[in-house]
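Take a look at the structure set out below.
Chains here go by letter, A, B, C, D and E, matching the order in which they are written, and residues are numbered from 1 within each.
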Amino acid sequence: MTPDLIYGLTGIAVFAIGLVGALCAQDRLRRVLALKLCSVGAGFVLVVAAWRTPPADPDPVPHALVITGIVVMISATAVALALIRRLQTLEAEDDDG
Amino acid sequence: MTIYLYAIATLLLLSILAGLIRVLRGPRPAERMMAAQLFGTAAVAILLILSRIMDSPALLDVAVVFALLAAVTLVAFVVLASRKVS
Amino acid sequence: MTDAATLFDLLLAGSVIALAIASLTVRDMFAAIVLFVIFGLLSALAWVRLSAPDVALAEAAIGTGVTGALLLKTLHHLRYVTGKLGEGQARDLTPIATVPAGVIWANAAFCGMITLGLALAFLGAPQAGPGFDSLVAEAMPASGVDHPVTAVLLNFRAYDTLMEVVVLLAAVIAVWQIERGLSDAPAPALGEVWQGFARLTLPAIVVVGTYLLWKGSEAPGGAFQGGAVLAAVGLLLLLSRIYVPRPAHRGLARWAFVLGTGAFAGVALLVSGGGRVAFEYPAQHAYSLILLIEGLVTISIAVTLAALFHGREPVAAPAPEGRNDT
Amino acid sequence: MMMVDPLILTLFLPLFGAIAAFVLPRAAAWVGLLAVLGTGVAVAALARAVLAEGEVVTQLGGWAPPLGIALRADGLSVAMLAMTAGVGLLVSIGALDALRDLRERQYFWPLWLLLLTGMNGVYLGTDIFNLYVMIEVIALAAVGLTVLSGTKQAVRAGLEYMYASILGALLFLMGVGFVYLQAGRLDFAGLIAVEPSGAMSAALALMVVGLLLKTALFPLHFWLPAAHANATAPASALLSGLVVKAALYIFLRLTTYMPLPDEILVTLIGTLGAGAVLWGGVQALRAERLKLLVAWSTVVQIGLIFIAFARAGQVGLSESWKAAALLILAHGVAKSAMFLAAGRIKDEIGHDRIADLDKSDTRPTLAQFTFALAAISIIGLPPSLGFIGKWTLMEGAMAAGYWHWVAVTMIGTLMSVAYFSRVFAGFLRFDRMRGELAEHKGWALADAAPLTLAIAAISLGLMAAPILSFIELGYPFGAQQ
Amino acid sequence: MPDLITFISAALIAAGAVFFIAGTVGLLRFPDTYCRLHALTKADGLGLALIALGIALTASSFGEVFRIALIWFFVAVASATGGHLIATHARRVDRAEGKEGS
């Protein structure tokens, strides 16, 4: 039971949980949350792949990739959330008028 | 010493897990925010211990950021949970 | 020794999975977001454990801190719009369509199979297989910086990083485009304690952010983490209404958004020529160029993240229909 | 400074254009047009280089792959770049006229130029992680364009599109993770060298499903019709004509370097393509609105392209790859013309209900003519480019004895005749129903652009042979036998 | 001598952990919001202070000590402000709902 094994399987599990959530969530906001979980799961796999048994240093390239992935994900999340807010406003206006 | 520190870190982790019950049960946002605050602090403590275990002072920077963000998130929680239609 | 560490790992991994499930299943959306933030913190801890402090920093600051604030803001907006701002009663704010339980279970079973497949594939893959380690070690002396992750981000794979900043730019343009002068929920009264907090914390945050940026060339840190920490300042200013975006500031904001992308791409182009290709920094200037790019990108990231949090473009006096203005 | 690599310019010109268009909102249109024009010139320069050398490679930063990232242009990528630049230029000219709202204008240009940056990046990319970042650039810009009109339907469709896009990209990212786990490198050249294994199969499955979601192959097409039908006309033209092709292109490349491990999977993808042709056809027959019909026809066309792919996988002939490539090009040109024309019709008669296409005081003659021309290419009548593509597909399938694919293609063609006839009927009824009609609003750039595109879609068919031989430059399909 | 320092450090860290656990127990067992808040802000602030002290004792450079102090400072300020904000928030909710805690 080395850390890479434990956390690698954790990453896959988190990815799958996010996948179920993204496919079945009934709430728009929660779907975004589920997608974010997926991205963390993918991050786990990359970080685990970069891990080397100490004292060897881990491979820096996957770390850079995960950082890129995190920034890309927040961009996508922000756009999705803006759409949700806008849609809710439009729907509320519709109900009023 | 390492085993000892790992045991302490595990203990702190357990206390986080126990506190989760409060987040799930609520009943009000205030309780959830409190639990979040506890977790932020506990996570900082775990990081401090990990920095000793892994002998990596760089983790202290991570801990600084954790501490800061715990504060900011807490403010966001309170402000956004409590803005009322006045 | 290993047993204690393994116990810690197992417990941490278990908590991460439990939190992931809990944040998707708990009924109250506010609780879901709190759980998600805790999930992010613990994932970051796990990544620290896997010797990836840079990633942990980025995840804690951007993936958890800013994302959590964005989610909360959206939840707040939804509750405000639907007029259900009361505590704890606003559940299932935005139902899409009721999914039959059968479909959910079918999906779950399907995803379970996928998980099983992925887990098998993962177990079959070489443990700590081949990587870039030796290539990076070889190239490090010519990179201009001492921290491998920064060297990868700003030099070896600078093209990826440029495009990542472009994604951020695309996001802020799209968000400004999507939300048009929406009304905002009213400001909270935070009181004096808050003032003291702001006076103490804001300068400290600025210092920490700058420090992270500076430190990035030799230790974990850098443009993205520093930018995210500085964005926290923006978040606090916006939350407390100390700063309220005004239409007059739009021009400046546009420049701030594109500053990082423009400088990054501009430097990449300018160094080419004379036998060099784009992104090939001359060895003697590599350090200063990278620091310059990082500094400007940090400013852009901080402003962009704060703008993503604020959401809409600050437009002039709310027109009745909210269209065709500006 | 005159010697800047055209490869770099193809990427950086639209990027700088986007930046300039964003900070100078009032001049956005002219800045944008200039940038697209410049990109076109850069692509032409690149095409010359590829003609001379077969392939052009630049290692960015001087770092060789796998550590660094290389850009590579060969016949196929230049053909895609040229299609993108050409269609993009004409859509841009049309947009000068079609977008009257200042707000729409000032956001259309930066988003479209970022989209162009992303697509050019995909066509030149050789690193799968870089491709992941690029498809995210495309996704965010495309969603921004989808909701440009700001209507509730558009925002709702845009949100669905966003969910699908994020999920597709994340599946792709997970696949990248598995590739790294097994191979330790992420460049195309590295992928060829890797032995097949469990992790590689998992990676391929994840990436393929993510790409199929992004390119909207049946049954993962659920997000496409609403998104494409509810966007403003220039945005629809870009989304339908160009954006779905990016993921398709990555799919083609990826399966060249990492062949699908089993024949059954190839057949499965072909079957999904057949499903798209049939289901999309039925939906197009039932569609009540013109733009929705056009959007469903995109689903059909994507299905066709995957049928071509499946046959290529089975027979292993580069001929079928070429059929797929031709269909991609033909659809890009014709579909953007069709969406622009449909938008023009909607503008002039005020709605796009198919049943009432004739109930209007004005007759958008030119737009109707354009629509009909584009339909000729999409249905696949000679001498259009669409015809050549379909013919190449069917000829090969018949020669190899794959009659089921021939049958599906024929049925799809007949169905497309049927659903476009519904539209033509509306066009033709004008004369019957009314005595006098107001003249349409006269010549406009918004008419000229789609007309040029439609004429191109037809006349390019006459140049199919040189196009085909150009696509083969640099052996994009590994056909170096 | 180093043994003694190690021992003190270990003891401090253990004491800190105990405070954390006490805080969690309080969060779970105390009857209403305000009690819980009281228990929590005291316990976790003190717990972290002890652990930070324990770690700082074995630090190898002044920079580390400084950063540990900074961490403690941030957490203390955040904890105080957070406690206050949460309390205000809870009180406002109470008022809005009429009375009734928990």
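Throughout what follows, contacts are C-beta pairs under 8 Å (C-beta built on N, C-alpha and C of every residue); 3 or more make two chains touch, one makes a residue touch a chain.
Since the structure is predicted, the reported quantities are computational estimates derived from the model, not experimental observations.
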| item | value |
| --- | --- |
| Each chain counted as touching chain C and chain E at once | B |
| Count of contact steps on the shortest path from chain A to chain B | 2 |
| Greatest separation from chain D - chain, by CA centre | E |
| Chain pair, B-E or A-D, that carries the greater number of C-beta contacts | B-E |
| Geometric centre distance via CA averages, chain D-chain A, whole Å | 28 |
| Chain centre separation (chain B, chain C; CA means) in Å | 19 |
| Gap in Å, rounded to a whole number, between the CA centres of chain C and chain A | 11 |
| Distance between chain centroids, defined by C-alpha means - chain A, chain E (Å) | 30 |
| Numbers and ranges of chain D residues touching at least 2 other chains | 67, 129, 133, 136, 140, 143-144, 147, 155, 158, 174, 178, 180-181 |
| Multi-chain contact sites of chain B, meaning residues that touch two or more partners | 16, 27-29, 33, 35, 40, 54, 61, 64, 68, 71, 75, 79, 81-82, 84 |
| Multi-chain contact sites of chain E, meaning residues that touch two or more partners | 70, 74, 77-78, 81, 85, 93, 96 |
| Every chain pair in contact, whichever chains are involved | A-C, A-D, B-C, B-E, C-D, C-E |
| Interface residues, chain D side, partner chain A - complex | 67, 129, 132-133, 136, 139-140, 143-144, 147, 152, 155-156, 158-159, 162-163, 165-167, 169-170, 173-174, 176-178, 180-181 |
| Chain C residues within the chain A interface of the complex | 5-6, 9-10, 13, 16-17, 20-21, 23-24, 29, 32-33, 36, 39-40, 43, 46-47, 49-52, 54-55, 58-59, 62-63, 66-67, 70-71, 73-75, 77-78, 81-82, 92-99, 103-104, 107-108, 111-112, 114-115, 118-119, 122-123, 127-129, 131-133, 136, 148-149, 151-153, 156-157, 160-161, 164, 167-168, 170-172, 174-175, 178-179, 182, 224, 301, 305, 308, 311-312 |
| Interfacial residue positions of chain E with respect to chain B in the complex | 6, 10, 13-14, 16-17, 20-21, 23-25, 27-28, 33, 36-37, 40-41, 44-45, 47-48, 51-52, 55, 58, 60-61, 63-64, 67-68, 70-71, 74-75, 77-79, 81-83, 85-86, 89-90, 92-93, 96, 102 |
| Interfacial residue positions of chain C with respect to chain B in the complex | 1, 3-5, 7-8, 11-12, 15, 18-19, 22, 26, 28, 30-31, 34-35, 37-38, 41-42, 44-45, 48-49, 51, 53, 56-57, 60-61, 64-65, 68-69, 72-73, 75-76, 80, 83, 85, 87-88, 185-188, 190, 194, 197, 201, 204-205, 208, 212, 215, 219-221, 225, 229, 232, 235-236, 239-240 |
| Chain A to chain C touching residues, read off their complex | 1-10, 12-21, 23-34, 36-37, 39-40, 43-45, 47-54, 56-68, 70-79, 81-86, 88-89, 92 |
